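What follows is a set of structures for review.
One chain, chain A, links the two complexes that follow: it is found with chain B in the first and with chain C in the second.
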Partner chain A sequence: MKQTFALISTYSSDQFGICSALYELGGMSIIHDASGCNSTYTTHDEPRWYDMDSMVYISALSRNETILGRDSKLIEDILDTAGKYRPKFVAIVGAPVPYMIGTDYKAIAKLVEDKLGIPSFGFDSNGMQYYTRGMRDAFKAIAERFATERTISGSKPGERPVRVNLLGVTPLDFGMTGAVGSLKKWLVDHGMVCNSCFAMGSDLTEIAKAPDADISLVVSYGGTGAAKVLKEKFGVPYVYGIPMDASVIAEKIRERAGDGAGEKTGAGGSAGMTEKIGENSSADGSKDIVIIGEQVYSLSLAEALKDLGIKARVLCQLDRVRDSKVNEEKIEFIYTPEEDDVIRETKEADLVIADPLYGPICGAGKLIELPHMAFSGRMFENDIPNLIGDGEQIYNRIMKELKKTDEQKPAPGFASET
Partner chain B sequence: MLKHVLENGPARVGSMKISEAHYPQPFYMGLEYSTPARGMWNIAQTGFLMPQTHQIFVCAYGCLRGVVLTAAEMNSLDRFSAISIRENDIINGTIENLMINGVSDVLNKISYKPRCVQIFITCQHFFLSYDHKSVFDRIRKEHPDIEFLDCYMIPAMRKSGISPDQRMRRQMTRVWKERTRCDSNKINLIGSNLPLSETAEIRGWLRENGYELKSIHDCLTFDEYTDMANAALNIYCEPVSKAQADDLKKRLDMDSFYFTNSFDPDEIDDTYARLAERLSVPTPDFSQLRSKAEETLGRLKSVIGDTPVAIDYTLTTRIISFAKMLVDHGINVSSICTDVISADDKAAFEELQKRCPDIDILATNQPESRFFAGEHEKAEHGENAPKVLAVGQKAAYFFATDHFVNVAEGGGFLGYDGIIGLAELMIDAFKNKKDRRKLIRIKGFGCESCL
Partner chain C sequence: MLKIAVYGKGGIGKSTTTSNLAAAFAKLGKKVIQIGCDPKADSTMNLLKGKPVSPVMNYYRDNDREPESLDEISKEGYGGVVCIETGGPTPGLGCAGRGIITTFTLLEDLELFDTYHPDVVLYDVLGDVVCGGFAAPIREGYAEKVLIVTSGEKMALYAANNICTAVRNFADRGYAKVRGLILNRRNVDNEYEKVKAFADEKGLEIVADIPRCQDINDWEDKGMTVIEGDPDLPISGIYLGLAKKLLDEDGQSY
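Moving on, here comes the complex of A and B:
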């Protein structure tokens, strides 16, 4: 593998995924590295930095401290600062330089916790993995540590709204243009309620109630770690997917496909138009449409387009879930970790739905822009569309899983309800 | 706290009175915070000043993120490429081949042929003890018609030897390989990220004496840039450029002159006198400009009255000199946001400690700094007059004021032109609000930005 990015941007990395995941939970995150990581994260990957207080710092590691393996300074600095501000937890986040000397973050975290009595985590991130993995590990750690017991019992779904955990929610995948609020509204509109959101708009108190949920909806790869913890410890089942209304994207496809752009007449109004897209563009295989992005998001978009009669393939450079449940609709999914892979897979494509910074390899002519903060940072942050809506297939998936779980009771480790 | 500071040097606090501040480093260097004020340039932006040049960063995703998006935001992604270091490269020791193959791959893919390629290596390379020489020898052999320049993104080394900023500047003139002649009428201005103001008096004065002043900003081609090696003298205005000037003296026997960016009229006059002597030309008479500077500062005082003024170090390298000048003209300097005091400013610093012991020194990167803005955001601002007039982006952020001078990296100001220009900008900032959030988030003051 050449591991080059000659023409395009690169995705955010694991240490920033951790910081983003933990941002709203009242903790203190310390990236253990020289300098620059902190400003990179706060400039490009953290749209909440200006408006919402959170403690994210860097240890300012130096060459000598690295060579001498001087963890004592890091520990002393954390004890001093965390002792002063008493965060709800301390997260020590690994980065490239300390990776070179095998820094034992978990041991440092234990020492900090023993000294301060503040829950502390050590994350083996190293800046060489993607943000998706960092998010996954952070949410997993939070679920393991804080979601420790069921707090309510009694009623069952049907007698009350279905309680749903939203797992894997950060601005890196969902931006700040209303998608999170829409996700929660979608739940309410469909007789459900957000039990906890990992982690936008939920504090640690809500996070701690995650075991009370009837089901978890994993909305990004980052949510998979917490989903498994909640399943294994409390029997909370999970499904993947994002309820999406793809009509905005479908309209753009239709315009680009040139099959009667602007024509809004016909039987069934927009429904009729949708059928026409399907007939003339992709469903018959005449148009090759590609989506590039995070796995769960892109597959959900492809599913929503499929409902509108548009077939699309999904390319993913990031970590991906290898669980058949993530792709129930059997969308064509291709793991393309390298720039060359993306070039190859988009070369013959007619349309590419991707972040604008994929433009140099797709060609502006066939690119339908779908900004992704984890790729282009803040550049197009106001143009990230809020595609949450509709999502009938997600609703059906949740109901199907709940029914299945109900039939399978008692699940292993599932605390019995009184 | 005073006892602690005096006994122990740098203090574990976020702010202190100037009388308590330890020179040159008032604050303990522990965990660090980063503000959303992004006007300072980074090494990628500095490197992009070189014409016909492509950048290749060889590093982990985490290190890459800041620079690739720097390039993208300044609409220069077509001049930027990356090679990602992954765990297997470290474990298997394959980083040399990764670089050699990666550079060829990049050059095959990009749409133009650069004259020069800056290859940035990082802290990881140093700890891996990778074979720097063999990698560059091989790359140069495979691409003989391209100049390859080794550049360094090595923040772990920032406290040892020369800093990354100093090293970047030094490397950028390493492509000046030889002097083929000596252009006795040409003078270079080196090491500044921003071009010198067109109204700077030094321009006219040098021109009147038959000299042509040139900087990297004037060069449209790589050849034009390397031809600067034939100038008679290098002038630099920032301490971070000293290593560059020294390197040029050592390698090419180019003389240099440090024109410190002072705000003290006597020091400015003295600097001009020394430069005139160096050039064997008459000492300039800038008394009219000096009077104009005094008049402008007097007008500034009459406009802003006793309004507190907060200044930060991103404004200029001589921030304490700037503060002292304001104090000398009756301006109420309430706060200086800085983490270190430069050697050039030591005398001004000690004088202010005695004359204005209550000036607050605020750290910009301490954990406590995280909460400065929130505290000031809560404070009510008067309808007609700003509560604090900020000079510099970080001061504007920390004091949550929209009345601020939006300048960083010196703003291209120098000498009396700098005094007059900044005083005029302060008057304007006092009278008119700016969109603080929109302006200070832009990376690299003066750079093109898509935001």
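Moving on, here comes the complex of A and C:
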């Protein structure tokens, strides 16, 4: 049966992606849904809920309002609440029931904005798409609305650090691991600086600076919408990737191989596999390692493992970028939304690097746990590693893209660009 | 880009008018897309010599998945007009309005406008604005102008009035505005006067006066518009005249 999940969890929906993307930006997110309880949208997938205020509301849509198409009730409630708290923007987030009757969220947002003078957005989310799409649409909307002009000009990257936008950062993909701080430090260590982060640890003032960047680094699918807007409107180029130090994962692979995970494929049994991986000879394809997760994150991890002599392929069930630039290292990439395909693809694998809730498919014996908040919520939040580091290939990618735009190269952080 | 939604009472001649107008735009050298938004899926038939395009809803029904290319749900007809039909659910079941919205979302995902860069887009919509789905063609980003096809018959004018009211109720949402009426004559008594009185009451213009004409039926029997069949006929001249008028207003040359 299509897109039915009998054994594993499902990823967060588009509504979560929107709420997560906008959480720290001072707006008011209103989910137009029958639920009277916020916790589904906030606490389960939102680790910031208990430590950081954010205005997230549910409309409590009723049966009669649905049948009669009474948008007026929602509009009145928004005018009342947003008029009282004066958020920096209003985001109206769709849900399954109003989706089915074709509610026009953008029109409602226009009405709200006309009445209150507060920038307002309507999102056609429906709870049946993935968080990746919701995040993409939310970041795209705020880029279009708030990143409207360059605020500085003149100096070139050679005369100052390269200004980099980090696009697509939320806890759903990065957890609360300190990854944002690590990404910013990585930039500084390599002669660059974070210009604007979409959107953890940042506010709308920082979002507005996004056109000043020399380049955008898209660190998840969720950043693609904003990247395209900044490219089209201001010529800010973009590359994909996350600088990663995969040594922790590589160590786990070696340990697991030593436990006998490689026995199925022979090659001298478990000791053989340990030896092979350790000696950088797994590139011959004799050991099959599959990474399951978000596209940019998983490909970056595969690249980092490749640098350590470990070959892995990537399986993605989420929205994926079809731009060849997303996979410059030509990692083997499989896209499928189907659980049955995941079962088939992982059946023959020696090791699977994935969220713990993929365990029922892979078997604990071959699973190397890499918790992903968008898949298992907060269940394993304390076990999510911060893998930011190294990333020479990402640095080179940025420099190569900047060269294309005739910008000067800053003081290199690595000895070699190639 | 000129984007027009055509509304009117069922059976009043919306599809005939829309496809003749599409053919007229094409005859004037314009790239045209016509999207039929009616479960009957017969809007574009006369542009395709009677060999209809498979509706989008049929694709979903037959394949149980989304199409991945425009080729799977569109067909080029007379003058290169790109023909698309939303189609509808199994009669008596499902939700036709939702089908229209789903089609529009799909066309956005498949980058219809970026692919064809049309000069003119025509939406041929089921008789009345019965629910959210049937208002989708006049939402922001879709049609900017509404043409209402009517005769002098009482029920046709009643439907036209309902459509006017519905569209005007949406004014503060940034939806399309009514551009005018197309009088599609049924030869009732004092027909022009009746429609003119209605137009004046609503502050609308009669943008075209189309006589009842056997040529339309004759060419329809051959799966064609009169523009394709015989562009020199007086009736073809009326459709071409309306197309020129609308292009002039949009600042498009021809």
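Just so it is clear, the second predicted complex is superposed on the first by the 381 of 418 C-alpha atoms of A that agree within 3 Å, B and C clash if a C-alpha of one lies under 4 Å from a C-alpha of the other, contacts with A are read in each partner's own complex, and residues count from 1 in each chain.
The rule is short, and it goes like this: a residue touches a chain if its C-beta (ideal position, glycine included) is under 8 Å from a C-beta of that chain, and two chains touch if they have at least 3 such contacts.
Computed from a prediction, not measured in an experiment: that's the story for all the values here.
Trainee: After lining up the shared chain so the two structures overlap, which partner does A:13 touch, if you call chain B first and chain C second: first, second, both or neither?
Mentor: first
Trainee: Of the partners chain B and chain C, which touch A:48 in the superposed model: first, second, both, neither?
Mentor: Neither partner.
Trainee: Comparing chain C with chain B, which touches more residues belonging to chain A?
Mentor: For chain A, the partner with the higher number of touched residues is B.
Trainee: After superposition on the shared chain, which partner residues are touched by A:366: those of chain B (first), chain C (second), both, or neither?
Mentor: Neither partner.
Trainee: Of the two partner chains, chain B (first) and chain C (second), which one does A:69 touch, if any: first, second, both, or neither?
Mentor: Touch partner of A:69: chain C, not chain B.
Trainee: Look at A:100 in the shared chain and tell me whether it touches chain B only, chain C only, both, or neither; answer first, second, both or neither.
Mentor: A:100 contacts both chain B and chain C.
Trainee: Mind working out whether A:88 is in touch with chain B, chain C, both or neither, as first, second, both or neither?
Mentor: Once the two structures are laid over each other on A, A:88 reaches no partner at all.
Trainee: According to the stated criteria, A:77 is in contact with first (chain B), second (chain C), both, or neither; which is it?
Mentor: A:77 sits against chain B, while chain C stays out of touch.
Trainee: For A:127, using the defined touch cut-off, is the partner it touches chain B, chain C, both, or neither? Pick first, second, both or neither.
Mentor: first
Trainee: Identify the residues of chain A that lie in both the chain B contact region and the chain C contact region.
Mentor: Residues 2, 100-101 of chain A touch both chain B and chain C.
Trainee: In the complex of these two chains, what residues of chain B are touching chain A?
Mentor: 12, 29-34, 36, 38, 59-66, 68-69, 72-73, 77-78, 81-87, 89-90, 98, 101-102, 105-106, 109-110, 122-124, 126-128, 153-160, 367, 370-371, 374, 437, 441, 443, 450-451
Trainee: Contact residues on chain C for chain A in the complex?
Mentor: 64-65, 95, 97-98, 100-101, 105, 131-133, 135-136, 139-141, 170, 172-175
Trainee: Where on chain A does chain B make contact in their complex?
Mentor: 2-16, 30, 33-40, 42-45, 49-50, 53, 55, 57-64, 66, 76-78, 80-81, 84-85, 95-97, 99-101, 126-130, 357, 360, 376-379
Trainee: Which of the residues in chain A end up touching chain C in this complex?
Mentor: 2, 69, 100-104, 106-108, 110-111, 114, 124
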